[in-house]
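In what comes next, chain A is part of two complexes: it sits with chain B in the first one and with chain C in the second one.
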Partner chain A sequence: MAMAALRREGRRFANPLLSPRPITAVRPSLFSEEDGPTGFRNISTQVVRNRMKSVKNIQKITKAMKMVAASKLRAIQVRAENSRGLWQPFTALLGDTPSVDVKKNVIVTISSDKGLCGGINSTSVKTSKALHKLVSGPDKETKYVILGEKAKAILIRDSKQDIEISITELQKNPLNYTQVSVLADDILKNVEFDALRIIFNKFQSVVSFLPTMATVLSPEVVERESESGGQIGDLDAYEIEGGETKGEILQNLAEFQFSCVMFNAVLENACSEQGARMSAMDSSSRNAGEMLDRLTLTYNRTRQASITTELIEIISGASALEG
Partner chain B sequence: MVIIPATTGQMGVLPGHVPTIAELKPGVLSVHEGNETKKYFLSSGFAFIHANSVADIIVVEAVQVDHIDPSLVQKGLAEFTQKLSSATTDLEKAEAQIGVDVHSALNSALTG
Partner chain C sequence: MASNAAVPFWRAAGMTYITYSNICANLVRNCLKEPHKTEAINREKVHFSISKWEGGKPQRPSLFDLIHLKHELGWENCSLNVIME
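This part shows the complex of A and B:
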């Protein structure tokens, strides 16, 4: 039934094609393109024109997004670079100890809430997964703590049972230390850990980011390592002032270190996000521009061709009447 | 020389100081450079003094003492003292106590 209807339709469309066209010859209007019934000639130009309009709109959007990202980046870059001073003293004291082997690892994956920012989210997820494989083993426990919507969306697929906490909408307000330390407090309270491994994208320049891991050890591990003369053996050389016991002050130290490292990590990641978004949007507006150029060329060529065809028809019709 | 407000008391640090980790309390950090002295008010944090005559002081907030508004300090002090007396739960008490501590430290930094 449907086929029959189609065939009928087809015939109706085909008819004007097959029939001789005395009308155009008699009424030589070059401008009948617009007011005539949607003729077969106009179809292709109409489609191309619509396409051009949508590409132009997309280009406008990507350009605007690039501008927004650029201005946000400028604001946040200074803060990210200044915040590096917060973790550097801790590294000077405790050293960077990614290879300390512990039982309970918690991987803190930092990602963004919004997409359209190149590969930074997939990079941090990939790094986290690789790390998960690396540190997990028999009688070991590895958990995820996820910041940001994007990493959550990916990790929830295959590691749902390992996700301890996920936090989103961190960047609704401009990032500040108070907010991050509340967050860090939340993580410290709710997750048992021997080592926290924070994965984020360290900002290098607008086009390059380094997937980075920062390690924060629990006070017990720090004490054990420093006493056994392991990787942080220097700690024993320090006198400790304040607090009742060494353990207590190490506890405070580890918590403070975590909040400082987290603060830097979120800032660095936000900075990388804006940078990545800027370059992604830049390349997509360039792509849209190129596409628009190609479409304009096709459009003009088709239009020209249809005009030429019409002219030929008119002339040959006229000459046929004369002859 | 720097004078650090450690929890155990004021601590003067000169080059060659014994390596130390010190927890800080709200108070004044003074940095002496030749004859010049700069004073900062610190909220809290840590100080690491390394063996190579380098000292790292990490704090959540640091403000130059002459940037502090005395009238606001008095107001804050009164507010938190009132909160402390009216606090019912342990958490409220602890929070008010922190507020009182910080503001009285601010006050003594300004007067002292």
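This part shows the complex of A and C:
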């Protein structure tokens, strides 16, 4: 700013002979850039007008995104709520054992591929990191399996040694069970685990999401736990059909439980994502509106000030001629 | 229950219960009548990209895109595993 003013001053001092006082001859508004020091009469409103235009455009975009998120949310909310019926029987049968202490933990962090959805991704990453700290010990191994671009981007910074698998582009087509189960199958085949801990945002309402952990134990651990009479002791009360052993049944159950829990977790997280995006876009369009109001006020005030100044000049000039 | 006797066989083939149930589900879907059949099959599109990490670096991602493969190969008669490999 100061340099520009100096340069303008310098130019004026440099050619005083060529144009001693050209300013008075021409309307000052045309020279608002050239004669800086006298420019206070006509502060350029161009900058403010451009700013207003861009804020207006941003507001349009955020409003549109809010609409899109709202309609997507409605579709996915029903599915997420219906999918809760898939894991509930498993929890009734096998119990939820978040505090189980095993050697090989695998943390499945679920996040979204796209941004602009508030804090849901950082919440699930923070929860995963806290859990990682909690379950890791001297002779234990804890690995991450990451779903979604966003959690990958955050976790790559400080725990990339612990990442085992990352999965993206899950939401290109509408989420469905086949897709999630193929994915769960792939995780099962490629990762060694004693307990899978799935971290996701459970949808509660459009504005509230609970970071949630679901635990899926490996069949061996389930068997051990049920024999030691822990929380999973009820399993013996059930009759097993056919010639299968308990171990086989448990393995099938654990696999199916994992795919069901994953399906629910992915849906809940997608639902939370849309909800979070909706409220984030709502508040950002409101902010844009407030900003626009402030800018309009500044703009009008400046315009009015310059009009008033011009009027005063004309009137005082006229009265000087008369008097 | 005939399917119970089959368990050791698909286990030995390297399948998990998830794969097994997916194949069964697909068979059921193929038994639907026409307008519902295409609808049900098109609903279950599989698409994601997966990459394994070694030593803090992601390996080349591999893409799962079953719906295209399914059309090319005629999925009805082959198992999920064959397509995935």
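Going forward, the second predicted complex is superposed on the first by the 277 of 323 C-alpha atoms of A that agree within 3 Å, B and C clash if a C-alpha of one lies under 4 Å from a C-alpha of the other, contacts with A are read in each partner's own complex, and residues count from 1 in each chain.
One rule holds for everything that comes next: contacts are C-beta pairs under 8 Å (C-beta built on N, C-alpha and C of every residue); 3 or more make two chains touch, one makes a residue touch a chain.
Values in this document were obtained by computation on a predicted structure and should not be read as measured data.
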Between chain B and chain C, whom does A:177 touch in the aligned arrangement: first, second, both, or neither? both
Name the contact category of A:252: first (chain B only), second (chain C only), both, or neither. both
Just chain B (first), just chain C (second), both, or neither: which does A:241 touch? both
More chain A residues in contact - chain B or chain C: C
Per the contact definition in the header, classify A:165: touching chain B only (first), chain C only (second), both, or neither. second
Between chain B and chain C, whom does A:185 touch in the aligned arrangement: first, second, both, or neither? second
Identify the partner contact of A:139: answer first if only chain B is touched, second if only chain C is, both if each is, neither if none is. neither
In chain A, both chain B and chain C touch residues 177, 181, 241-243, 252, 256
For the complex, which residues does chain C have touching chain A? 1, 4-5, 7, 16-19, 21-22, 25, 43-53, 55-58, 61, 63-64, 66-67, 80, 84
Can you tell me which positions in chain A touch chain C when the two form their complex? 160-161, 163-170, 172-174, 176-179, 181-186, 188-190, 241-244, 248, 251-252, 255-256, 258-259
Any idea which chain B residues touch chain A in the complex? 6-8, 11, 18-23, 45-46, 48-51, 54, 56-58, 60
Okay, in this complex, where on chain A does chain B touch? 86, 88-90, 92-93, 177, 181, 237-243, 249, 252-253, 256, 260
